[in-house]
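Listed below are the structures to be examined.
What follows is a pair of complexes built around chain A, which joins chain B in one and chain C in the other.
Right after this comes the complex of A and B.
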């Protein structure tokens, strides 16, 4: 039974020894994240796969419009050493190109297609990264970019139901309240004056 | 001299005979409805209790059906994305007539909590005719059952005429579908 902290140490040693790591973040005892340079990503993944991180759990992107960067995130899992490893790398947002990793993890094919649809990242090396997967006949900018306005798109594309306003706002000088007060006074006078 | 013989009943016109047959058909149909459930939305979680012993849809004579060709009701449970709307239109057009549509939850009515999504349509009745809506997010199972009873009432009162509307106003529906979807024909690698 391997100690979980020593697993973290193991993977840290593995990555930090071989590559220039810009930032390491130990999230908890089962998760660790490395920020590496774009050119290193494929080699880092090969190293990790050889060390037992055989399962690619997820591939996605994060849009950082203020920095004009798109951050790629690869999450790998090792079933022998229970550690999720995140490999992050920031790429240019205006022309996002990331070499495909299907030579290392063939299952990434569909993740890359999804990522291309939602963030517009190009994946040279993946033969059909431009094919549509989830969105069909999309005609706008990639929808998960931060500057995409889903409300405007929805308003333009889909008809909205219109409702009649079937209530009205009471006037400011609240006559109902006066009436209520008058009724209260009248009731009291019938009972013989206000209660002591 | 007036004949004392029994005068035979007036011969019915074709429309009257048709109407009578439809009434007979509707009587049997509304007591034996088969439902195709398009469960892509979260409201589908209300269907297991409606179908099973808790509320028991079968006491209304309703049953689930796996294919569109034999089903009477198309049940749209919850939100519809643009992608699944294409499949719904395919399915709806495959169903044999008469066919009825029940929309479950607030998403088919006005978009619900997905009213500002890039992927979810806002009004289902712009694209296919809807006979009954069950509102709520999500509706509880009593109201789902009420919706089914309402649909039966509508069939009885001959007001569940969505499928006739779809035929009569087909161009209007088609133009709405085109405006939202671009093209109804499904292009994906599994159909090519």
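Right after this comes the complex of A and C.
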């Protein structure tokens, strides 16, 4: 196995020579990330696969509502060179369409399906991407988007349960109520800390 | 003949976890199959975004029920990478002891799980009894048996209790002395050997197609592709061990690799107990309050070697007190979903549970 820093240089040369890279970040000696344009993603992946990045470790998305963008993430692994490569690309959030990569990495099939379910990204080229996978009969917006509020969803969807608030103090020595009050106060005081 | 639909799981002695495999069988040959996940979906990735970094320490071990420590390690390492934090030397060694004990416990559980689909429950009872001893050790170290919340960003929660070395040595000596007995019960047992030899194959091209890692990959490609070896974290570069591999991946080869790893884990624990230095075990994070610290902006993927392969957290911070996005790369995601869809058809119905077992499919990390 070669020196890991020279492996980073190798992959940097490979990508930066062939494509317009918007941002490069060397995270540590085993990991490097590139931000590329959406149109280049498939070609970058093909280049990396031919260079030995045979395994796709992870595919997902990140929601950036302030920029109205969804950022796609592909993490590839080369076991010979011991480098994880992150490929990231921002796509439009209102109509997120990303060509499927299953022709390059067949293992992406279910990752894309999951990504569609949780972020609403469309993957033309993947035959099954619209089928439901994990969320059964989901009837709301894709849940990992930032504007989805699980609390509000649950309040809307399910009836509130009523809990019995009364409790008896059986013996005089029982300081449960005082303890509870003290704990509640302490929790409140912690909440009011200065904002970061 | 007409095809019939059968369900393997969620309640089946050979199925681990709450997932169901839908099988279309013709006679006793599986013609079509797919996994139905979602019975265990608890919204972890959304939950992590809604909680602060420190709150997440108690949330993440729940991602994988039987092997919680790898979650803690991946989360802690990712946070430390984002913070640019250096962990005390002693904490690295304590982490390795914890991780290898956890690896022993999950390998025992998985190996004992072989008893379910083959009907050899003795193996399962033995393995679970030994796993219980590991949980006792964990209870002494961290106060918890299953979800330890022990490996935290910045080190480990507290130092090892006095005299724990004696207990660990006693346990691993005992386990090692009965290693041959375990082999006889499972992998050398004629009734099981007939079920696992030359069946449930995982060729190397399928490994690369699906993205299978861990024992499944190593037993097929004949290379020691282990994260601990290839990109060592903690202090795995300072201990001597090997990652078992093979060039013919039938179910038996995979189980054999798993058993060899048990011996390697025992050896790593012994070396750690010798090499562990004295010193502090945790550094303060030093950004903001103790409970509301912030993490600088960044994207990081932090992989660890779990018992089933490469397990990683993809962590994104926007500089706030909560993570912006945490994605979990479950080690058994490729073989659990695409593998069952594409490569389970063709096997016999009675091997379906063994297929799921020896490929190491763990439903909690598929659902998250």
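Assume the second predicted complex is superposed on the first by the 163 of 196 C-alpha atoms of A that agree within 3 Å, B and C clash if a C-alpha of one lies under 4 Å from a C-alpha of the other, contacts with A are read in each partner's own complex, and residues count from 1 in each chain.
Please note the rule applied: contacts are C-beta pairs under 8 Å (C-beta built on N, C-alpha and C of every residue); 3 or more make two chains touch, one makes a residue touch a chain.
Everything numeric here is computed off the predicted structure, so don't read it as measured data.
Counting residues of chain A touched by each partner, chain B versus chain C, the larger count belongs to C.
When the shared chain is aligned, chain C comes close enough to touch A:109, but chain B does not. In the superposed model, A:25 lies in contact with chain C only, and not with chain B. In the superposition on chain A, contact is made by A:33 with chain C only, not with chain B.
In the superposed model, A:88 makes contact with chain C only, not with chain B.
Looking at the shared chain after the overlay, A:57 reaches chain C, while chain B stays out of its contact range.
In the superposition on chain A, A:176 makes contact with neither chain B nor chain C.
Contacts of A:131 after superposition on the shared chain: chain B is touched, whereas chain C is not.
Shared-chain residue A:150: touches chain B and chain C both. In the superposition on chain A, the residues of chain A touched by chain B in one structure and by chain C in the other are 134-136, 143, 148, 150. Considering their complex, residues 82-83, 86, 109-111, 115-123, 126, 176, 179-183, 186-189 of chain B touch chain A.
Residue ranges on chain A touching chain B, taken from their complex, read 131-132, 134-137, 139-140, 143, 148, 150-151, 153-154, 157-161. Residue ranges on chain A touching chain C, taken from their complex, read 1, 4, 25, 27-28, 30-31, 33, 54-58, 60, 62-63, 73, 75, 77, 79, 82, 84, 86, 88, 105-107, 109-111, 118, 133-136, 143-144, 146, 148, 150, 190, 193-194, 196.
Chain C contributes residues 37-38, 41, 43, 45-46, 49-50, 81, 208-211, 213, 223, 225, 230-231, 288-289, 291-292, 294, 298-301, 303, 310, 312, 314, 316, 320-321, 324-325, 327, 329, 333-334, 337-338, 367 to its touches with chain A in the complex.
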